[in-house]
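Next up, some structures in structure tokens.
Paired with chain B in one complex and with chain C in the other, chain A is shared by the two complexes that follow.
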Partner chain A sequence: MHVPDGFFDAPVSIGAGVVAAAGIAVSLRGARRELDDRTAPLAGLSAAFVFAAQMINFPVAAGTSGHLMGGALAAILVGPYAGVLCISVVLLVQMLFADGGVSAYGINVTLMALVGVLVGYGVFRLVTAALPGSVPAKAKVTAAAFLGALASVPASALTFVGLYALGGTADLSLGAVLTAMLGVHLLIGIGEGVITALTVGTVAAVRPDLVYALRGERTPLEIRSPRPAEV
Partner chain B sequence: MTGLGHRLHRPGSTPVHRLPPQCKLVATAAFVLAVVCTPREAVWAFGGFALLLAAVAALARVTPGFLVRRMAVEVPFVAFAVLLPFVARGPRVEVLGLALSQSGLWSAWNILAKASLGTAASVLLAATTEPRQLLLGLERLRLPPLLVQIATFMLRYADVIVGEMRRMRLARAARGFDGRDVRAFGVLARSAGALFLRSYERGERVYLAMLSRGYDGRMPVLNEIAATRAQWAVAAVLPVAAVLVASGAWMVG
Partner chain C sequence: MTTGNRRFLLAFLLAFLLVALVVAGVVSFYASGDPDGLSKVAEDKGFAAQEEDHALKDSPLGDYGVKGVENERLSGGLAGVIGVGLTAAVGGGLFWAVRRRPRATPSGDVPAGSSERR
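Moving on to the complex of A and B:
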């Protein structure tokens, strides 16, 4: 999913670079509010985590496999602004190690960091707001995490096709690109959704204070007193 | 510093290694931009770019074998490029008895040539510059400090997390886990959750330890890496040559 050099023409690469820079600038400002003085270490840790998680390949269909994009996951765990920064840094380091083109960095950030986080977190928020209050908070978060991550992958793929229509260097019928990209990425999206939901669920079960999206939710204090043993 | 970097970095003391990282970063980016802007019909120009990179590689004592092996990351896109002549639209030409799309052939060539040159340039950069130095270079190029810090922590933690992940994978394998099925999703995702928790709690401890040693949001700079004019001039040779080749291609083509 990392676009190399030469895939898009120069105007689109530069345009996407400008969009990416603006998105990162907005996120830099927003992230300070999200994560206080621990911003850098914890965002760096999440970036390292997404980087490692991208190395887990999961089976998609008939021999192909996909890996996590991590936009929705990072946004739910550390917040949308810090999420954008995490994914951008992951892409930056991958670019410095030659995975993804230097001139395509803006495109990669736009696709995976901006669109992935915006759509993933947006859908996540919408679903949590739409579910009735009777649903327990953790079930809500898990379901919303699944749907958010599921939506984020085809959304990135759609943006890719849109950019392709603007400045792709190959003469392909757009319909063919659209069908191929959407088909594969819907399947990858299901994998992304399942992994994101279960990961968020696991973290929410053990350390709910670490899930950004669960901030403000308080579990009512439960006092369990041991039953006096019969002597 | 990290396993990631170590795999790519080739220690050495050639003139390319000794250049300050910020010069090399700018040179690489400018070179790649020149390559991307070159019209695809100017086949000779791409030969020229390849020769320029080969000269840098020779100067940096990076062997061709190492370069080719590290370029394997672009394989999925090579597969895509190879498919292009068969699926692209437009007039067809006969090649070895196959009717191939003419524009598809050009697109495939375009992607293959530019992606390979871009990847080779990045591999050369990573091979001659330590990851830590790359980050210092980015800092000197005025990348926002918060991003540099996140990247620094990411590089620091990546090894720890990847090591933890490897131990967990080994533990799963020892219990007969074989992740080739959709049913494996649950196990993999729970592993990811546990991985996040373990690394996060470790990160918290490391952060507290750093605070108690006086960390104030910035790593202390032990050696300044300011670049002299002469060093910038040396670093400019590659991109300037590339821009000359690219403008030649525009004028001729």
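Moving on to the complex of A and C:
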């Protein structure tokens, strides 16, 4: 989903740049509440993991591939504000690899960091709230991670088409672009959901105390000491 | 946090880094070379031609390869490892700088002798 230079006119590129800058500024303030000595290194590594995972294009249809965006994944692991910063850092580093246009940085941050996290984490929270309390916390988080990540990809595709309607550089039938973008990104979304659920599920199994979305969840205490002798 | 706990945290973080390095450095070679969803739609619907050359197309890491390294597997793997390292360094530095720091005392008072003023 990396937008190259040339797809959007200057007003939309600049407008998206302003939106991205505001989103990053808000996230820098918000991330302070999410990160401490233990979770700050995890957030840095989550960004590195997203960079790595984005190199893995998986086939989705004849002659078409897709890769992880990572907004939902990062938000669930380290928090939504830190998640926005994770994806923004990944997009910044990727420019050195000539991936994602320099003038399109604001557009790419808007699509993958802001929309990816807002929709991915928003749907994740809705699903965890809707699931009954009898479902164990880790199973709940894994299932919600799948659905949140799945929803985030077509949401970004929809935003792309919306921006294209405002200031795309080619004169196109927007309806056809919308159908094509939503169709292929729904398929990519399934891959996004699988990778996100696997990763979140693994970290939740090994170190549940580090998962942002599991904070405040407690495993019921077990009494292991021998019962006091009954009188 | 106890020493044992801290050591366990370090082991977990190192394992996480190792997974990222293996994915970017080794597994990436087997990734699909087909255009991604957006590139494919751009080709099919006729706006791929609008793409302009990347401003950093001559970057030594352009297109996920290291310039000068002929072996494709080595070049791509090395680029992936460098990317993971750069992202971890930039992200880690940023998150370490913005993190919440423990207050000096539970009440938030600055202990005597501290040069910090409130």
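As a working rule, the second predicted complex is superposed on the first by the 212 of 231 C-alpha atoms of A that agree within 3 Å, B and C clash if a C-alpha of one lies under 4 Å from a C-alpha of the other, contacts with A are read in each partner's own complex, and residues count from 1 in each chain.
We adopt the following convention: a contact is a pair of C-beta atoms (placed from the backbone, for glycine too) under 8 Å apart; a residue touches a chain by one contact, two chains touch by 3 or more.
Computed from a predicted model, the values in this text were never measured in an experiment.
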Let me test your reading of the model: by the given contact rule, A:49 touches which partner, first (chain B), second (chain C), both or neither?
both
Taking the superposition as given, does A:13 touch the first partner, chain B, the second, chain C, both, or neither?
first
Considering only touches as defined above, state whether A:201 meets chain B (first), chain C (second), both or neither.
first
Contacts of A:33 with chain B and chain C, given as first, second, both or neither:
second
Now for A:101: first (chain B), second (chain C), both, or neither, which partner does it touch?
both
Looking at the overlay, what does A:181 touch: chain B (first), chain C (second), both, or neither?
second
State whether A:4 touches chain B only (first), chain C only (second), both chains, or neither.
both
Touching both chain C and chain B, counted on chain A across the two superposed complexes:
2, 4-7, 28, 31-32, 37-45, 47-49, 51-53, 55-56, 58-59, 85-86, 89-90, 92-93, 95-99, 101-103, 169-170, 172-173, 176, 203, 206-207, 210
Residues of chain A touching chain C in the complex
1-7, 28, 31-33, 35-53, 55-60, 63-67, 82, 85-86, 89-90, 92-99, 101-103, 157, 160, 168-170, 172-173, 176-177, 180-181, 184-185, 187-188, 203, 206-207, 210
So in the complex, which bits of chain C are touching chain A?
1, 9, 12-13, 16-17, 19-21, 23-24, 27-28, 31-38, 40-42, 44-47, 49-57, 59, 61-64, 79-80, 83-96, 98-100, 102
Of all residues in chain B, which touch chain A in the complex?
4-5, 8, 28-29, 32-33, 35-37, 40, 70-71, 73-74, 77, 84, 87-90, 101, 103-104, 107-108, 110-115, 117-119, 121-123, 125-126, 131, 134, 144, 146-147, 149-158, 160-162, 165, 179-182, 184-186, 188-197, 199-201, 203, 206-207, 210, 217
Flag every residue of chain A that touches chain B in the complex, lowest number first.
2, 4-7, 10, 13, 24, 28, 31-32, 37-45, 47-49, 51-53, 55-56, 58-59, 77, 85-86, 88-90, 92-93, 95-99, 101-103, 169-173, 176, 191, 194-195, 197-203, 206-207, 210
